[in-house]
Amino acid sequence: MRENTIKTIWQNGGSVVNGWLSIPNAWTAEVMAHQGWDSLTVDVQHGLIGYDVALPMLQAISTTATIPLARAPWNEPGMIMKLLDAGAYGIICPMINTQAEAEAFVGACRYAPQGYRSAGPTRAAVYAGADYLQRANSTIVTLAMIETAEAVKNVDGIVSVPGLDGIYIGPSDLSISLGLQPGGSFAQPRLAEAIDAVLAATQRQGVVAGIHTSSTDDALRMIEKGFRFVTVASDTRLLTTAAQSVLAVMKQVQAPKISATTPY
Amino acid sequence: MRENTIKTIWQNGGSVVNGWLSIPNAWTAEVMAHQGWDSLTVDVQHGLIGYDVALPMLQAISTTATIPLARAPWNEPGMIMKLLDAGAYGIICPMINTQAEAEAFVGACRYAPQGYRSAGPTRAAVYAGADYLQRANSTIVTLAMIETAEAVKNVDGIVSVPGLDGIYIGPSDLSISLGLQPGGSFAQPRLAEAIDAVLAATQRQGVVAGIHTSSTDDALRMIEKGFRFVTVASDTRLLTTAAQSVLAVMKQVQAPKISATTPY
Amino acid sequence: MRENTIKTIWQNGGSVVNGWLSIPNAWTAEVMAHQGWDSLTVDVQHGLIGYDVALPMLQAISTTATIPLARAPWNEPGMIMKLLDAGAYGIICPMINTQAEAEAFVGACRYAPQGYRSAGPTRAAVYAGADYLQRANSTIVTLAMIETAEAVKNVDGIVSVPGLDGIYIGPSDLSISLGLQPGGSFAQPRLAEAIDAVLAATQRQGVVAGIHTSSTDDALRMIEKGFRFVTVASDTRLLTTAAQSVLAVMKQVQAPKISATTPY
Amino acid sequence: MRENTIKTIWQNGGSVVNGWLSIPNAWTAEVMAHQGWDSLTVDVQHGLIGYDVALPMLQAISTTATIPLARAPWNEPGMIMKLLDAGAYGIICPMINTQAEAEAFVGACRYAPQGYRSAGPTRAAVYAGADYLQRANSTIVTLAMIETAEAVKNVDGIVSVPGLDGIYIGPSDLSISLGLQPGGSFAQPRLAEAIDAVLAATQRQGVVAGIHTSSTDDALRMIEKGFRFVTVASDTRLLTTAAQSVLAVMKQVQAPKISATTPY
Amino acid sequence: MRENTIKTIWQNGGSVVNGWLSIPNAWTAEVMAHQGWDSLTVDVQHGLIGYDVALPMLQAISTTATIPLARAPWNEPGMIMKLLDAGAYGIICPMINTQAEAEAFVGACRYAPQGYRSAGPTRAAVYAGADYLQRANSTIVTLAMIETAEAVKNVDGIVSVPGLDGIYIGPSDLSISLGLQPGGSFAQPRLAEAIDAVLAATQRQGVVAGIHTSSTDDALRMIEKGFRFVTVASDTRLLTTAAQSVLAVMKQVQAPKISATTPY
Amino acid sequence: MRENTIKTIWQNGGSVVNGWLSIPNAWTAEVMAHQGWDSLTVDVQHGLIGYDVALPMLQAISTTATIPLARAPWNEPGMIMKLLDAGAYGIICPMINTQAEAEAFVGACRYAPQGYRSAGPTRAAVYAGADYLQRANSTIVTLAMIETAEAVKNVDGIVSVPGLDGIYIGPSDLSISLGLQPGGSFAQPRLAEAIDAVLAATQRQGVVAGIHTSSTDDALRMIEKGFRFVTVASDTRLLTTAAQSVLAVMKQVQAPKISATTPY
């Protein structure tokens, strides 16, 4: 079975630099895959991506050795299994608030007796190799999102679930849940404290801690802190920011005559 | 009929800042349309875009007041007319080398008696208004690409074609045609000379000169020179460059353990 | 944040005339959006529409000021949140039979602390504006479908759920549930009684009552009764009926020689 | 080989009532196919349809016995042959102005020695039967559009081309070419004269005359005159008109508070 | 309502030969539909197929009299109802382990009072006929998958659910659940015993037993045993195997110089 | 630039075993790419494939080291260049009958000064490497189809065109052109003679001869004769044949009760 190089990086003590795909498109996925991310996550939750578009995106990532992951839309076994069968080498599952939810999630990613995933790795076996059914349970990565105060409270139970590889902090939802504005600094006391508590729990349990950031500064700081899986920016954000800097220069000199951008 | 604000900018003495779409996707088109470009060109030639994808992209641009243009794949009337019927408010046509080719191109964009465009503006009339057939000939913009030595030689005949609004220089192909490497400086003598000759011809004839660039520096310099329509960067290029700068920072600190990007 | 004009109409005492989209297509969505409906509902339940097609339909509606809504396939948070992130300005949720189901539905549409919607309004923030996260809870419309005898029985509990804007009666399913043929007259005693009971409950609670109809007569009668949100006809029905009237005329004179329409 | 019932109708002295598909969608194509049109034309010229969407539309028509036709985007052999290989049982070709153009068109639809169509009826042979290559030349219908003054002048040469089954008048373009407004009455003298001249030429040559109309009145009048193939209305037009009549009723009583339909 | 010929075959004492679609494509679906399978199952679970692709596949099958079925991704009512509304004439539901799960599944497929399916058979009524709502409950086929040891234990309760037409054994998952390697012989004692127990339960209850196989030998043997619905091979498997036999011959003589097939 | 291993095989004296893709789908393309063909040709002529589907198919092939080729729909530069920009590493062009046509074809595939291909290898440079523009002219393979009597007559002129890598015989069209039934034996004297004449001309000129076959027997015989590029079977044909053999076995025992396959 094709190696899951994310696990290799972890085993070697490194941290995974993950890219994020929210554009529903196989060409942008292929372009991103050629840039050097260790892994790319097809975001089927907040990305504008349903299953029928996720599939060619997973194919496009496979034109390189970048590891394809997917974020499921919700903790629902139907779509999680479909994404795995399509060749995702790991699942990030949103809104895991309790140990029971973590068990349901992990179970959907593991064949019996470790879980209740149904066998039929149609594309996965082509991507990964003929021994997929034998080795998938130890190859596929499972990351539970910690993004509410409740989840932070329950984090020890969550990370104790056998077969869970790690957690992934969603700072936006976690901020809202803690009564903060989303998008604020990681240094805000209530947020920082929650992040630290989660990180400590993963270290006690020996699982991986990951986190979503929106700047290289935050990402590097989090790696330094001990996070082993960081996301810096989504494709939509990268494109938007890049276009804005070009236009900022052009408009300085050359203010647009017509305000083209106002939506209704 | 909805105003073609490109023409308004020109009538007011301004220059159009045009964005470039090569990603075959309606979401990236919508994102780009919200950034403030005066116009956006759906590139059906070198962009990875056929008609069936160009259509939703033109719809996505119409969620804003940004003017939608299209580059045709070639000087072939079938596709040019389809793009106009789909609501493109102007056509950039590649590889116009002679006056006769310019006449064929312009004719495809104009209803009789100015041209031979067939009547059936299915989406165009919804986008632009019920009087489309009456006003399209004076609203739709036509830009002929000058991108070979032959075209430079024939530029006076090309710009003299009635109904042609302007030309658009393609520096890559023009460089190759002049025996230079594509992607080189606009200041290379042979290229600079050709650009100047084309610009002068447009000014003699009173039509617009446009040019494809790949930096804000070049774009601003060209506007200063007298170009009235400049493209700075494509969506694919913006995304690629933005991803590369993020990864450059991340890797400095944190060299990827596995070279994920090597294609076969 | 872009105004939700449905709410404005309600605040001004008016009734919303809603169009219905069951054709999985962005062009028909755009055409419908240009006709003057106050809102258009992308029907992801009985319409032939999955997420990957709903997205460009929502984009197409955004070429006008018509308010885009979506009917979810079922009371499942994954898809409801995806439709909201894609820019739907309200959700109609089928088969809400109890207060608990209404709470689950409304919670999926509201960020904490009002609900448990996950933050990541990828397209919604482009469509609606940068302050989306701050104002979405008070802007997004939630309508629970009342379409069983059980729901009618539980209607007071349902309409009492905080954050629920109103209910939407589905007369076909309600008829079946009441032991009547679907498609029958709204004046049938058992159906009329249920409709009246639901309407009364909404008026007691001060929430909006909406209803699906299939004729302008019924729609106008329901508005007169006090319904504030009415649907008259779906795109598929409009197309079918229009084609049938043309063919009825043509065949009167000119009976088709070959019965082309018999399915297998 | 499956019978081309259009030809059967003609052989029995009848007239074909043709429906028109401009919506790029297989569901609307299937709905239209179930209404009873003798044939349906997938309009790849002014319809919003490229090849990749035309294919599932042709499949959808094949769920009934309605005969699938296609209008080519232009007199270009590549696309004409692709539409035939996809199962179109006839081609309507726009803007045939000379006998030479008619010969090029017909040649693209006929295998050697009658023409130069390339052999490879991938879907056509599944749709029509294993003897497709042997019988396609006598089964496939070819209709050349007469829609300019020049074409009217050359009509005798055009209809004389062996293998051409008939002509199809495009009144909009013909009106423009004659210096009239498109969409006007068929009774305008210059237009009426041209229509009569074309009809007479077909009758002298023994080929079929067809015409595009936009009302049952015109369609019936044209059949009476001797036209054997009439189109009444496109799907987009049917949907638009039907939506408008519903809204006209609703707004009479209930003027929309917000003008939702204004495009930018 | 269009006859469900699967039921007719069963009533006549025959066995249904079912084909299996995992390729997300309407052309391969149409090709398969023309080969003579009694029914074809669009596999929305392990097939690479989401709803937006399942729809045109169901349309493609309807170009023939082959009966279209679908396997749902999971026992979730939203997607099951969507597949039925799209025209599936039966649902195979994975992982039914208890009577309660069987009741939930069957309920999603039946209108009240037999179940809780919501009314809105948009395409189903076009495919099947105007009396769809009246007759769907007795026409649509429901098959519950038995594929765990738990399900075998609970089989009598499962098959006793009113409205369930039969069961469908999934030997891969059942093998894993029994501690065997998937893909092994049906003759392995533990597997054979389970198969026999399930078959016996269906015969006691008078419902149909179906099974997934991967060879004609197994399929014929199972029919002989009493199975009334057998699947032999999926489209992906058929294509793969056929390509491999061609290449085996070619390479014998002509070993490929470059190993083109190694994935990363 | 990524090596074109087709050329390497030729340089090593080997013959290329080419697979053929007519199914408009990226999954079947990926499956085929994993079987071991030296190259795969996306057939945009008789395959049911337009540009917007060809693109993800080329991506899917790139998940392996199999070389992606495309057959153009016709000798039209617009589409040929689009297929090359999308990453096709060679073009097979149908119906090349004269030296002038071969020059037009080859010119469309070569940058100046060897040809008139326009520069903009959007995906090609990602697939092949940053030096694409410098090396494409010597890497891309051009094969002109010889498939008429006229082409056989003109073959020496055709193969003499600089930049043409070889020819590809289309036996079906060639048979029709020679007055034979398509699909007949390669040993028919008139056909055999034409094949030999073409092969001899390529050998005189030192270019490659290729041929389309439909059996491994023919393919091997042609390799033995000196052909260096052979196609054995298309994906559609492989799937059809494989399904038919399964059904032949099943029906022997178990004749289907209902003839499901009859098209209308």
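As written, the chains take the letters A, B, C, D, E and F, and residue 1 is the first residue of each chain.
The rule we apply is simple: a contact is a pair of C-beta atoms (placed from the backbone, for glycine too) under 8 Å apart; a residue touches a chain by one contact, two chains touch by 3 or more.
Note that the coordinates shown come from a computational prediction; the quantities given were computed from them, not determined experimentally.
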item	value
Mutual neighbours - chains that touch chain B and chain D alike	C, F
Maximum centroid distance from chain C, chain identifier (CA atoms)	F
Pair joined by more contacting C-beta pairs (D-F or D-E)	D-F
Rounded Å distance, chain C centre to chain D centre (Cα mean)	37
Length of the line joining the C-alpha centres of chain B and chain C, rounded to whole Å	41
Mean-CA-position distance for chain E and chain B (Å)	51
Whole-Å gap between the CA centroids of chain C and chain E	33
Multi-chain contact sites of chain B, meaning residues that touch two or more partners	24, 27, 31, 34, 48, 50-52, 55, 62-65, 76, 79, 123, 126-127, 236, 263-264
Full enumeration of touching chain pairs	A-B, A-C, A-E, A-F, B-C, B-D, B-F, C-D, C-E, D-E, D-F, E-F
Contact set on chain B toward chain C in their complex	26-27, 30-31, 34, 55-56, 59-60, 62-63, 123, 126-127
In the complex, chain B residues that touch chain A	5, 8-9, 12, 14-15, 17, 19, 23-25, 27-28, 31-39, 48, 63-67, 216, 219-220, 223, 232-233, 235-236, 238-244, 246-247, 249-251, 253-254, 256-264
Interface residues, chain D side, partner chain B - complex	22, 24, 45-53, 72-74, 76, 79, 94-95, 147-148, 170, 172-173, 176-177, 179, 182, 236, 263-264
Chain F - residues contacting chain B, complex	2, 50-52, 55, 62, 64-65, 76-79, 81-82, 85-86, 111-113, 116, 118-123, 126-127, 129, 133
